[in-house]
Amino acid sequence: MRADFWRKKRFVKLRGLVRRPLIFFILSLFLLFPSFFLYAQEDNQPCYGDAIIVGSIGEPITLVPILAADSASQDIVGLVFNGLLKYDKDINLVGDLAEDWEVSEDGLVITFYLRKGVKWQDGVPFTAEDVLFTYKKLVDPHTKTPYSGDFERIKKFEVIDDYTIKITYKQPFSPALASWTMPIMPSHLLKNEEDFKHFARHPVGTGPYRFIKWETGSKIVLEAYDEYFQGRPYIDRYIYYIIPDQSTLFLELKNRNLDYISLTPLQYQRQTNTEFFKKNFRKYRYLSFGYTYIGWNLNNPKFKDKRVRQAINYAIDKEEIIKGVLLGLGRVCTGPFVPNSWAYNPAVKPAEYNPEKARQLLALAGWKKKDKEGILLKGNERFEFTLLTNQGNVSRRKCAEIIQQKLREIGIKMHIKIVEWGCLLDLIERREFEAVLLGWGLSRDPDCYDIFHSSKTGPREFNFVSYKNKEVDRLLEEGRRVFSQSKRKEIYQKVHKLIYEDQPYTFLYVPDALPIIDARFRGIEPTINGIGYNFIKWWVPKDKQRFKR
Amino acid sequence: MYILEVKNLKVYFSQKGKVLKAVDGISFFIREGESLGLAGESGSGKTVTALSLTRLVSHPYLLSGEVLFRGKNIFRLKSADLRKIRGAEIAYIFQNPLSSLNPVFTVGNQMIEIIRLHHRKTKREAEVYALKMLEKVGIPDAYKNLRSYPHQLSGGMNQRVMIAMALSCHPSLLIADEPTTNLDATTQVQILQLIERIKKEERLSLLFITHDLEILRRFTNRVAIMYAGQIVEIGENLFEKPFHPYTYALLSARSGIIPEQGLKGEAPSPFAFPAGCRFHPRCPFKRSICEEKEPILQEKKKGHFVACHFPQTMVK
Amino acid sequence: MLSYFLKRLFSLVPLLLGITFISFLIIHLAPGKPSYLKEMNPRISAEAQERLIRLYQLDKPILVQYIHWLKRVIKLDFGNSFADGRKVIVRIRERLPITLLINALSLFFILLFAFPVGIISSLKPNGVFDKCTTLFVFIGFSLPSFYLALLLMLLFGIKLGCLPISGIVSFNHSQLSSGERILDIAKHLILPVSVATFGGLAGFSRYVRANMIEVLKQDYIRTAYAQGIGRGRIVCKFALKNALLPLITILGLSVPGLLGGSVILESVFAIPGMGRLLYEATLSRDYPLIMGGVVIGAVLTLLGNLIADLCYAWADPRIRYQ
Amino acid sequence: MSRRFILSGSLIIGILIILALFAPLLSPYDPNKIDVENILSPPSKAHILGTDSLGRDLLSRILYGTRVSLKVGVVAVGIALLIGVAIGALAGYCSGRIDALLMRFVDIMLCFPTFFLLLSMVAFLRPTVFNIMLIIGLTSWMGVARIVRAEVLSIKEREFIRYIKAMGAGDMRIVSKHILPNVLPSILVVGILRMGGAILTESALSFLGLGVQPPIPSWGSILMEGKSVMDIAWWMSVFPGIAILLTVLGYNLLAEGIRTLAISRS
């Protein structure tokens, strides 16, 4: 019905022409040749216009950049705001609002030279004042921001002039640069607003798109910002529809009411191979920045033994999981870095599926005998444990079920407990778990100090598996001190190897991102950084544009 | 001329696959202006008889025979025609006036409803008329009581309302089904006097059903006695000279009211009546024939019929 | 009448207090903590988390928290949602209308169909019509609403493709003319309202039938017949008004069930209503939002009971004049 | 009529009990046998009802699901009856202040949207099968309490109880020996009826993903999975629902049959 709405409009026009075939024919003779050249030219020459309609399951929670923690919020925030720095297509940090930056010899001081002539979307010039304001808000104890951590390492924040900032850190901190991808908020608008209440739903940034409106539960509309400092984006409007149901989302795509959604593996493999989809859409597939793992509570006597963890790694067939859960759309994960990160160590090869080796390792660890049920025994203790995961994530649930089967085959009885997210966090915080099945979404910077450093095992800290390795600790500290990427690469590749050796996690898979986009969009160039990095360069040829201004 | 004549009326019900013979072939008549009393134990079929006279019995398994009202066979009437007779020609007064009046409508509302049903009257006129009727049956403060709900009135008052409703369409036959049973003694007398008065005033014919033989003796010309779905005795001066042992037994009960278990033994089950005379298991005079052959109603004296193989001449 | 009303209204206060206190207790004693984040994020430091907990006063004893909460609620301030910092009242106001609309519509259709169905089957108990409706009633009782929803979605949404299967408006709702908008919402409401109606219809038509059978046995119905009143009028006026009485109470009591049913219905059809809001709030331990929802739910329930009581008193003179 | 209800109801329940008991014999496959080569294959000779999204045989899973559902019905109702009868009998027998207090409590519990109560409780306890049963029991005893109280109140007033009391029997004895047996028929009816309700509740919880834990096959959780693949695997959302429908229908028929039988007897 909704699709018909569009189709009908176009049909009406066509029918009008077809009804007078002769005129149509003559007209086209006149028009054909010049237009041929025109179009050919336009096919390579980006042009302005049209709108992109994005479908999303989730609705943003807030559009205040320093509060936004969910992916839907970040989708919008990323288009409306800029940070001082950003990642380019090869995941290198480049200037965004900062034109240039300097790191002092000792790594303690970072100086940013801000871009001049940048204007907020309400016309007010962007200055160092805005950066200072954003910093102050980030470290203000009354701000409910989850991102204060990186900024609390700042000793001194100096505004040299309107376009120069000098930031002094307590210690050298190389991830600091990455932290300044944090979007900057306008001081002049927020100085007097206490809790961002209005701003959260009416943001003003420096970014390529201006916020127009947000209809709760329905959609968010953005419009190209004509004076964007990197040039106006080609696509006029960005419409973000919230459709909280996977099947409806797909149905709307099929009706060509949406231009851009993320597919599930099932949809990618089974439902989009028709002629219709091939003709009207382009599917993309690239590795995402995240991985799924089992975290072992290393304080638990069973999992303290490295051999046990290695045995389990051998016993789980990751390829089967990727086939069963992702329908093949993913890669085996070999450590805390994903293959498209520069920190990834290609020399680390995933352990093969080898239940025999697993049994041997377990036997070495003392799990030799089996009871009537076929469960391994060590003394009187049965090898039995519970794997926790969160409710509402179908892939993890399936993943857990496959692992359960595989471990049962080597004589380990695993129970699955699916609890809601809040509950899971609580259990993890209190260390009341044996194993958890979770995923990490990764930032582009490889620093994983918070996850694997032995000092980060406190109650609300993220080394909840209590992993302790002196060598890894040392490397992680060094990785934070050193600013040179080539040196850091060396360091993190060592970390990668050591962690895979230790198996504090059983690394399972890196899923593929599976976006599908209407075929009329041009300029999409997938790289290891995905497709979103050059969104402002996407365009639609004039004759294919669907939405006129 | 008979106002009502009943011929071989049978009313059966079906319960749990068995046939319940509530009324099993009775015949009687009521003359114009006459009062006929109908007496019998509970479950003998009195009320069913009364109801079936205007086809009021619900879901009968069998309803046969003839009921001629002024010569018209009620059982053959279309329901629309029947409705014109109900209330307008044949009116009822029931036992338990409180439950017989609709609890959620005012007295006035219910009266106006039926007045307007049978007469062409505006609401206003109907109300005035209802007031008049209430006054006629001796309801004080009629205007206020017209706006009362049944539960706000006493039992006697409610029965007066019932009577007023019954009279409001000038029926020619009034069927009073135990109208005084659940009332206290003084009210009973008042209601009976009222019925007697209006009967005279309106020149009504009356079918009076009751347990209370004393009342019948005082208020009716003739009496019919029912036992197990049949009339066992009918006639004038029944009480002076009953022929049927059952009637005799009833009369000899001290209070004159038929008690629930008025006689030795139990009333027979309506699902399976005894063969022969239905009274024989309890009859002190039974002989072998009583167990085999059913007695038919025979005229023993002029206008006095008895169904008994050995009618006794008994003087009370 | 007024004093009766006030008395009833007053008696609701302790009930409301009891409900809120018990919920407060359950919610806060339940393990798990508010999760403002949908995924774990290593960029969020432990100190930042501590700070949030202090800001939300979650470190105080439960009773103190409850009293704080109560004090604010008396001023009609339900606080701000943990999830997005917006006022609870605003979030509920956004979601409540659609839930009420669906429930009101389904209630309307339940009544619309239940009365004829119940009355007709009561006229001839065990007749053909009655047997058919009995079958329908049993299936209605036994069919899980979400399963019916799935079947309807499968049939109308996917196989036939003629009805939308989720949400309440089409994605291009705001571009439609106002007439088309209403049509659009109506189309989206067909499936959820049918599902909600079906379940309720079974039970309710059964009640109507049982009550009618009971009432039709009453003496006053016989009186009405004896007075020559037509059957139609007897059933529709004399009997129905009496049969209505117990139904009013049942309607009043059905409010919590309806709210509970909304959770499932709204989850299946992805409707942004109260049920779903509360469900999500419970899962993410959004305490202020849960409590706001509990209060709204309890108030609606108690109001339902109160209105039922008042209707009963209005409809039944026996109570009114006591 | 009532006979036919009882017959068909007990036939359905009987068959289900047999299916549950002999599930291992009747199932063509191990219900947890994962087969990633056969994900979501439609009904065929090899898999009569098709396979799920991990390639497991749907028929086997539904058969094993019978065990969960029947168990949930019986245990949850047992708990509800235990609490409901205790509170109802106490309130009805003691009357006065205790009665008022208990009934107020029942009122409060009834005013909760039940499902919300369930959700909070599920969060409170870990979702093992037993806990699910416990929670359903804990949230469904109120109706039982009310019925029992009403019945106890009416029986208490009867002559024979007064007589027994006059003979000096103790309260406990009167309640357990004389009153409760008289309440038993209505408890039975309510119990059977609730069993259907409990099964519905369990499947609804599992459908929302809050019910029994995998890999235990529960009809509700199969349906949940079915919804997510509705557009490509209709069998996943059709068959488990039929199982729920039949089971609950069985209980409802049985309860209705017994109820009408009890009414016509008395």
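As written, the chain order gives the labels A, B, C and D, with residue 1 at the start of each chain.
By definition in this document, a residue touches a chain if its C-beta (ideal position, glycine included) is under 8 Å from a C-beta of that chain, and two chains touch if they have at least 3 such contacts.
Here the structure is a predicted model, which means the values were calculated and not measured.
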For the pairs C-D and B-C, output the one whose chains share more C-beta pairs in contact. C-D
Cα centroid separation between chain C and chain D, in whole Å? 22
Centre distance in Å when chain B and chain D are each reduced to the mean of their C-alpha atoms: 53
Would you mind pulling out the distance in Å between where the CA atoms of chain A average out and where those of chain C do? 39
Mark out which residues of chain D touch at least two other chains, giving numbers and ranges. 123, 227, 230-231
Quick check: what residues of chain B touch more than one other chain, meaning two or more? none
Do you know which chain A residues sit against two or more other chains? 247, 251, 391-392, 419-420, 422-423
Could you list each pair of chains that touch one another? A-C, A-D, B-C, C-D
Once bound in the complex, which stretches of chain D touch chain A? 32-34, 36, 39-40, 53-55, 123, 126-127, 209-210, 213-215, 225, 227-232
Contacting residues of chain D [partner chain C, same complex]: 1, 104-105, 107-108, 110-117, 119-121, 123-124, 196, 200, 203-204, 207-208, 223, 226-227, 230-231, 234, 237-238, 241, 244-249, 252-253, 256
Spell out the residues on chain A that touch chain C in their complex, using ranges where they run on. 1-2, 5, 53, 55, 58, 61-62, 67, 69-70, 141-142, 144-150, 152, 195-197, 200, 215-219, 241, 243-245, 247-248, 251-252, 257-258, 391-392, 419-427, 429, 438-441, 443, 448, 450-451, 458-462
Name, in rising order, each residue of chain C that touches chain A in their complex. 31-52, 55, 83-86, 94, 157-158, 162, 164-167, 169-174, 187, 270, 272, 283-285
Flag every residue of chain A that touches chain D in the complex, lowest number first. 246-247, 250-251, 266, 270-271, 320, 323-324, 327, 391-392, 394, 397-398, 400-402, 404-405, 415-420, 422-423
